[in-house]
Amino acid sequence: MTIKEKGYTHWDGEFLNKKLSWLPITRYGIKLTFRKKFFKLLFFLALTPAVLFLAGIYVAERMEDFQFMIREGEMPDFLNINPAYFKAYFTNDYILFMMVMILVFCGAGLISDDLKFNSLQLYFSRPITKRDYFLGKASVIVFFLFFVTLLPGLVFILMKLLFAASFEFLSTYPLLPFSVIGYSFLVTIFFAFYGLFLSSVNKNRRYVAILIFGLYIFSDILYGIFFGIFRNEYFALLSIKENLKQAGAFLFAQKLPHDIPWFLSFVIIAGFCILGAYVLKKKIRGVEVVK
Amino acid sequence: MKPVIEVQNLSRWYGNVLGLSDVTLQIEPGITGLLGPNGAGKSTFLRLITGQIKPNIGSVWISGQKVRNNYTLFQDLGVCPEQDSFYDELSGWQFLTGLLRLYHLSKSEILAKASKALDIVELTPDKDRVIRSYSRGMRQRLKVAQAIAHEPEILILDEPLNGLDPLSRRKIIRLIKSYKEEGKTIVVSSHVLPEIEAMTKRIILIHQGKIFAQGDIHYIRDLIESHPHIISIKCSRPRELVSKFIQHDFILKVNFIPDDDSLLVETNNRDKFFGLLPSLFVENNIEVFEVTSPDDNLQAVFDYLIGQ
Amino acid sequence: MTQSNVGKLKHLWNSVWDVFYFFFPLVRRARKSKVFYFISFLPVILAGIFKFSQIFTGHPRFEGIYIFSNMIMGFYLQFLILILALFYGTSVCSEELEGKTLTYLTTRPVPKSAIILGKYAAYTTLIALMVVFGLVFAFLILNVDDLLNFSLYKILFRSMAVLVLGLICYTAFFTMIGTFLKRSIMFGLIFSFGWENVIQYFPGSTQRFAIAHYLKSLLPTTQASEGFAFLLFRLEPTPPTLAVLILFLITAVFLTLACVIFSWQEYILQD
């Protein structure tokens, strides 16, 4: 009997042009995250600053009703609704911390669980490409982070216009919506790459959770130590948090928190995203049938 | 013979799901096969008798002692769990010697017992490879090795033949049988009847969390024999074949499926039917395309027995 | 104490040692430990950078011991020991459940408490060694020009003792958390970087509800730089002996609870 070698045959056809084939992955990821007991509490806590800032917008607009709370004739600085107010919301430590916590909850297991349970083959035996897979997973993170960035930002603008019943605010700060959208996309995309990259480095979700949180805190501590010793502002570039704050200040046209060129922070953020994309590409390739 | 394992009114629920219901039985030395389809409650029963989980109702004794939180029992008890999980970063040798250390043995004893166990399951040549690189069959054999390494008197094996090739399967079966010769007590679970049949005549049928039947394999075999079997035949001249079938009283019913040129035959004597079938094909010059038995599995037998 | 109790204790001790002996090499070689080796070694790299910069600039901006103290406060106490204790402490039980390897341990003739104590001892030893090695090397590099000043060694040993004590205490707490909480990491992060970080700055007795308070009470020096001065904000130190006693007491309580929970809790390994 002749034994013929029968190796793998790589399918060379083209997938049907299904534009949203990543959507089920996202939907499933979101559903799974919401099933986690403590997540709802965490999500609620992450949204509280948005409620407070929204209340601030209302108070600022209806100052005459709240005269009893302030010294006569003086409008507190923090109640000036301007790009600085928006920057204060978007770049405050609490919001960034909560974003990392959300990432720990919804992002840690996104790829690591697939690696642990060998589910990648299941994904790629469906008509989806690697891009769809990443897009689907990243969209889970984007979905949750937009709830604390883009959505509140746009709601703030909308409510300000509604409370004031005029478009004066927009004519005074015409670039503000773009700043909100720009910063929201920047921070969300960065955290999506950050979360997926770390989620792909290990099969153990607990380990990934520690890495996501630890790296964020560690980068800040490193900056603290170096800055404490050398007193050089450039060490802020070591800190994820400081880079995001620097980028945020630039996008909202505010005074930069560190006396260093703004573009360096953008380079660091972009560099991290590129590194993340590269590692993801390498990591996920390993389990595909090689041509 | 004095029973080694005794369980009384053992019941266990997982939330609303019934895992095991009111099981009372005694297991004596020798091999006892626990047979049932997937999800029948075999693993729940084995986890209960090894104290891994608590019963909601009932109690378990091994050698007259309560099981739960009684670690001294495990000096003489070997357990092969169902899960295919290991400390993957260890080699087979490190895994085995590490676990043997927990029996408070001397170093020389540990080495001797580990070598012996690896020899038995034929993993000695691969003992220094990390477990992560083992094949499914090798992992299964290592699991058996860790259960037998300390030479226990009682062995609880949860699906030990899963993932083994026929040769390894035969070897493990032979090994289990050799333990019987030494007077040990072995409880082994499977959902494959011939596997259990090859090891023991004493079986416990478990289904939907209940002990359905317990006793000699022949009794179960008789039940199975009386179970009407359905056989599907695809051939060139099915109508002609039908005319030949009706002469035999062990053929109860024939359904003709014209679209497919196939027949569904119901018989209460499988052996006689399969003895007859080839001669009918040859004598009548009928071309056969396919003969299948759609209900030839344990679940079908259970369904039939329950229906009875 | 009766003879049978002594026998039981001896058996427990032997079992703990056997479990330790199984897990110590395992965790030492584990892939996941490599990142933590690197992080623990970072202070040595940082110390090297500081020392080189001092040599190149020619004028030391700060003394080595000053930088060392800042490292203890900023890096070790606020980050490293928390992260190490959190990961390894919760791993004691959780990794057996996640890896479905628990059956291999609970079907051996060792008490369940010995499994917890043995693994706890193995993991704590490893992380203590990680911390101590990094600390000693960093100290030596930072004080290379003052190595004959023996008063500095007192600071080193005291810092070392405080950090090891911190690891012992935090790991015991996280071991206990890991025995009954499925999402122990989340809780641990909130405890470490939320509760511990906030409550230690509260005035009066409130700060005594944080483990960090007792560790800070034991630290040998209070000369933190401006960058880390906030860490000593409102510290009302507990007397050292009492602080040590409380830390040991906390450890004992958490470990006992971990053993009790692990013995009675039912773990269902899901397929």
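Side notes on the structure shown:
Here the chain labels run A, B and C in written order, and each chain numbers its own residues starting at 1.
One rule holds in what follows: a contact is a pair of C-beta atoms (placed from the backbone, for glycine too) under 8 Å apart; a residue touches a chain by one contact, two chains touch by 3 or more.
Note that the coordinates shown come from a computational prediction; the quantities given were computed from them, not determined experimentally.
Contact with both chain A and chain B is made by C. For chain C, the chain whose average C-alpha position is most distant is B. Work out the mean CA point of chain A and of chain B, and you get 51 Å between them. Spacing of chain B relative to chain C, judged by their CA centroids, is 47 angstrom. Remark: chain A and chain C have CA centroids separated by 31 Å (rounded to whole angstrom).
Residues of chain C touching chain A in their complex: 32, 35, 39, 46, 50, 53, 61-62, 67, 70-71, 74-75, 78-79, 83, 86-87, 90-91, 94-95, 98, 183-186, 189-190, 193, 225-228. Listing the residues of chain A that touch chain C in their complex gives 36-38, 101, 104-105, 202, 204-207, 209-211, 213-214, 217-218, 221, 224-230. The residues of chain C lying in touch with chain B in their complex are 14-15, 18-19, 21-22, 25-26, 29-31, 99-101, 103-112, 263-264, 266, 268-269, 271. On chain B, the positions that touch chain C within their shared complex are 14, 50-54, 69, 71-75, 77-79, 81-83, 85-87, 89-90, 94, 98-99, 101-104, 146.
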